[in-house]
Amino acid sequence: MSTGVTDGVAVEQMIYTWVFALVNALVLLVYAPLLDGIGRKIRARIQRRRGPSILQTIYDLRKLYCMPGIIDGYSGRYARYAPALTMALAIMAGLIIPSFLPADTGCDLIVAAYLLVAVSIALTYGSLSMSIPYSVVGGCREASLMMASELCFAGAIASIAAAYGTLYIAVASPIIRLDPFKPSMIIAAAVLAIIAYVEGLNLPFEISEAEPELAGGALIGYGGRTLALLMHSSMIKETLFIALLVDLLFPWSILGTGPVGLVLRIAVFTVLTTFIYMVMRMLDTVYGRYTPRQAIRALKRVGLASIIAVILASIGW
Amino acid sequence: MRRIDRRSTWVFHLNSGSCNGCDIEVLNMFAPRQDAERLGVKLVGSPLHADVIVFTGPVTLQALPYVIRALEASAGAVAVLACGSCACGGGIWHDTYNVVGGIDKLYEILKERGIPRPPTVYVPGCPPKPEAMLYGLMLARGLARQKQRKQVYVEEAREK
Amino acid sequence: MRCDEFIAKTGLVDAECVDDSTVLVRAKNVLETAEKLAEYGPRYSTGVGIDYRPINRSYLMHHVLALDKDGLFIVLEASTGDPEPSIKSITPVYPAANWHEREAMDMLGIRFENHPEPYRLILPDDWPEGVYPLRKDYPYDEKPYDPRSIADRAAPRYFSAKTGVGEKRVAAEIPLGPYHPALHEPEYYELIVEGERIVEARYRGFYVHRGMEKLAESRLTYNQIPFLAERICGICGYTHATAYCQAVEKAADIRVPVRAEYIRSILLEIERLHSHLLWFGVAFHLLGFDTGFMITWRLREKIMDLAELLTGNRKTYGLNLVGGVRRDIDEAKARAVLEALDYIEGKFKALIKQVKDMGEIIARTKNIGILTRDEARKLGAVGPHARASGVDIDVRRDYPYAAYKYVDVNVPVMDGCDVLSRILVRYEETLESIRLLRVFIREIPAGGLMAEYGDIPELRIGIGVTEAPRGEDIHYVVTGRENKIYRWRPRAPSYMNLATVPYMLVGEKLANAPIIIASIDPCFSCTDHVIVIDVGSGRKMSLMKALRMI
Amino acid sequence: MVASRIAFISEIKKKPVTEQYPYKPISVPEGFRGKPVIDPEKCIGCGACVNACPPGALSIYDEGNYRVVKLFLGRCIFCGRCQDVCPMGAVRLTDMFELASLSRDDLVQEVRLLLEKCSLCGKAFATRREVRHVEEKLDPEQRWLAHLCPRCRALVSAKMIGYARGCNR
């Protein structure tokens, strides 16, 4: 699609792509908090509680969006821009990573990774420019966790690149799949899943917002609308990590094209992401919290696995 | 002032020197039996996130400055839930040398500092049942009817 | 050993028997006598300063030493004259006397010679010098200054909610907490670190000082104080009410009916169950395992129901009066207790078994927060905390009271000395509580609930002691006239245990500080009241910030 | 290790234990110590409860022609001592616990009882009901004594004892 703009089909294709992308991003805005609500319900049920309505997170966000933004008065200037920036980056990631509709924006895995990491960085930097120690600590924890998991992410990308012999890993490409018959790709898929788990702030890796230790960590100095933006964007980020995994894992080409294929894609995508999310939330519920050290140590092992995946992939396994 | 949201209420727990009885019952609201989360109530750790402040304790002199700081920081809060006898009226130690004596005395001090008195729900009890606190929250949300009213009985003069 | 045997054995000349298990030693030279008594290996239990001026123009300091093996209390009395009261400190001999002497210093203005840390402990920092609230000439309801004047006191800075304005940022000194911002609990530690090792820990607390002792001897009467005592602590209040009543009963020689003793014991055990389950929940929550919190609190709800059924309220049972109890336990209620116990026992065992399988939780508790046996003894640690360090003490067995006189109590002792041992000791104790409750329900005799007694004699000493969920709870009472108490001094178990926390923290990695503080069961953890001072730069920062630097 | 995690997750199949409280009322056991209520018809204003109340939630004072017994729930610790000591059985702890209210004023119960004036000195000294209560316990010929304030009563009875002993002074 990168060829001539004059080509009518290509133009039509491009319009479709970006309309799809827009729809994806918009639906994500609602879908991510909905997933969070489902997660809270599951958590409650495992704890034998009735739990909130699955729309609860949406209600919470609605309330926060209706409030004026509150920021700790002693925070640095950057802290004030961080919420909007984080949201913008999250929406951008939502645009280019194909989710419900097959928006083939030519999204490269590396670009997707960069954008998702940028969401975390924006959030972390905001929390670091606060004067509240909890916020700073939360930011530091988030940063160290991010660095450790991004290293694993890089390993997974490298193994895919090695397996397919290309540095352009189009997420929507029907060719590049995490082949379930190749050991290296199985490991890569597992690593990607773990990263999605870690980045989704699930226990035992939920160390940056640790409620009993840090009282909300990075988010503590924000209130009202700014808090809503940050919470909302990190939910979107979490959902996009799962979306990326599903995109790379599922052989979408078997669904065919046309309206039927489209509907099938939406259904399969929704079911798969919801399912993966629910499993993650279940695990989250039955784990205790690592100390930052333990978390990094655990991620080191994942990093080691991803290096093995690179080696396996380069020898063709 | 912003109205309280009926579907989503985040509470921040502020202890001003209470005996822990009320504090545990506040936590108990979120235990499986009562499960306040089903009503959209969430306990938050930052006063900036709070819609409602759950206030316990009689306000000791040692704690007073901290309490004032915390109330000043909770800009988004729209109501206060004064839980227990200590918060409502100073409790058994309402007049001792180290106790300010309940939330109303605190409001007097706050008034001089230019902080208006927020809408307050008094929840008596020593400690109140978690359900009584939930009821207080529902009252603050406007979803429950107040049952307790002032009762005055005046004996009528009758011929002997 | 009985009191008179002890006096004969030691050859103390100025000693007399208060009752069978209490010796009063009137020391001319308190330090010398204290050193002499130290040969018998006593544990420092509590220290009581008394304004005795209305009686004989002197101040008294009563140090209570406990001989656990013999079930004997030694009251070591030192007295001093009026204008400038001064007594030799015995803290060099008994480190555990540190806080008690400082408290007497704060509240009565007694000076202790050679005290290693003569700093303020109880009263607010800006409390005026020379004003001593526990002196008899100080009115209980007089505030030494207008509360408004301290509203601006330099409290650790909160963050302001205004957007964008304010001074240039400074590192905040105290972070706010999970459910409790500036204060949830009367604890506040200053940690001094070198790199990642803690080299010193200091304590400042008593944010919840409510002037209770003064209130008791001024406004309240004998039978009102049990309700005040119950409100010392919202978690283990009933044990305080019982200890107080036992103290007065001992002073006035009142015999409580046996049925009333059983009822007291049943409720004490119910309170222990509720308190231990609560602690398990909070510990799990701190370790990030919220499901564990929910499960224990779900089981605990059954205990709360029992309390409500037996006493009419979930907490603050309000059951005790001097001389007995106010409510009976009938057949139906006894059956409800047994049913609830059956429900809880299996489920609780299963939960702990599952938790023992969880690697991340074991890793965060094993070999963390070591308190050696010697340290525990020296500092006077009590309760499950001491028992997890191999100190074999339990008031229920050593100084039997209420219905524990009639049954055998098994005391679980472990020598892991770490957080994990404290968890396991409390687990064993929970099961023992369930067993004891079954025994009590089975063996409770018929009889009255309240003893008959006349006027309570004046100026008698009474010591009431119970095993609270957190350890030995000792109430010291001097009776007064006009239906009022002369001096009442409750000493909660956490008072002793908190002093051990700095010792557990010193030398530890900073990352483990939160769960260590929680492990003594200070009702809730106070991880957020910890300040860290870096020796190198002299800079203060929060614990959590320092954690990250590791 | 995995087995215990699965055991935790499998709890999801069981029914939640949550009650439906604000929507469905909950029951409290018999003997629950809820809101204390003074039965104004029975109360005689003797003040026994005020003396027994540990926190001082109950107070008693005279205002005009009335003696006021005031109960401030906001300070009440629900111990039930008032119920124990009330000679008339007028104070009772009910099973009401939903006491939350939007104003402090709503937490007050007042019972205003008419005062009786001493038939000698004319000073108000007790409520009419209390006088009547004492009267009923006395022999008919002594009933007039109940209408005297404690001071006058002491004077009068001292005189009477003097007469009885045959002392003329």
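We call the chains A, B, C and D, going by the order they appear; numbering starts again at 1 in every chain.
The rule is simple: a contact is a pair of C-beta atoms (placed from the backbone, for glycine too) under 8 Å apart; a residue touches a chain by one contact, two chains touch by 3 or more.
Keep in mind it's a predicted model, so treat the numbers as computed, not measured.
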At the largest C-alpha centroid distance from chain C we find chain A
How many Å are there between the centre of chain A and the centre of chain C, using C-alpha atoms for each centre?
49
Any idea how many Å lie between the Cα centroids of chain B and chain D?
26
Report the inter-centroid distance (CA atoms only) between chain A and chain B in whole Å.
40
So how far apart, in whole Å, are chain B and chain C when each is placed at the average of its C-alpha atoms?
28
Note the residues in chain C that touch 2 or more other chains, in rising order.
159-162, 176-178, 219, 227-228, 231, 291, 294, 298, 301, 313, 316, 358
Out of chain D, which residues touch more than one other chain, so two or more?
5, 8, 16-18, 54-56, 77-79
Of all residues in chain A, the ones touching two or more other chains:
44, 46-51, 70, 72, 211, 214-215, 220-221, 223, 285-287
Mapping chain-to-chain touches, which pattern fits: line, ring, star, complete or other?
complete
In the complex of these two chains, what residues of chain B are touching chain A?
2, 5, 7-8, 10, 32, 35, 37-40, 42, 44-46, 48-49, 51, 75-76
Quick one: which bits of chain D touch chain C in the complex? Just the residue numbers, please.
1, 3-5, 7-8, 17, 28-29, 31-33, 52, 54-56, 77-81, 84, 93
Spell out the part of chain C that touches chain B in their complex, as residue ranges.
123-125, 127, 133, 138-144, 147-148, 150-162, 176-185, 206-212, 214-215, 219, 227-228, 231-235, 237, 278, 294, 297-298, 300-301, 304, 313-316, 523-524
Chain D residues within the chain A interface of the complex
5, 8-9, 11-12, 14-18
Contact set on chain C toward chain D in their complex:
219-220, 223-225, 227-228, 231, 291, 298, 301, 305, 308-309, 311-313, 316, 318, 326-327, 350, 353-355, 357-359
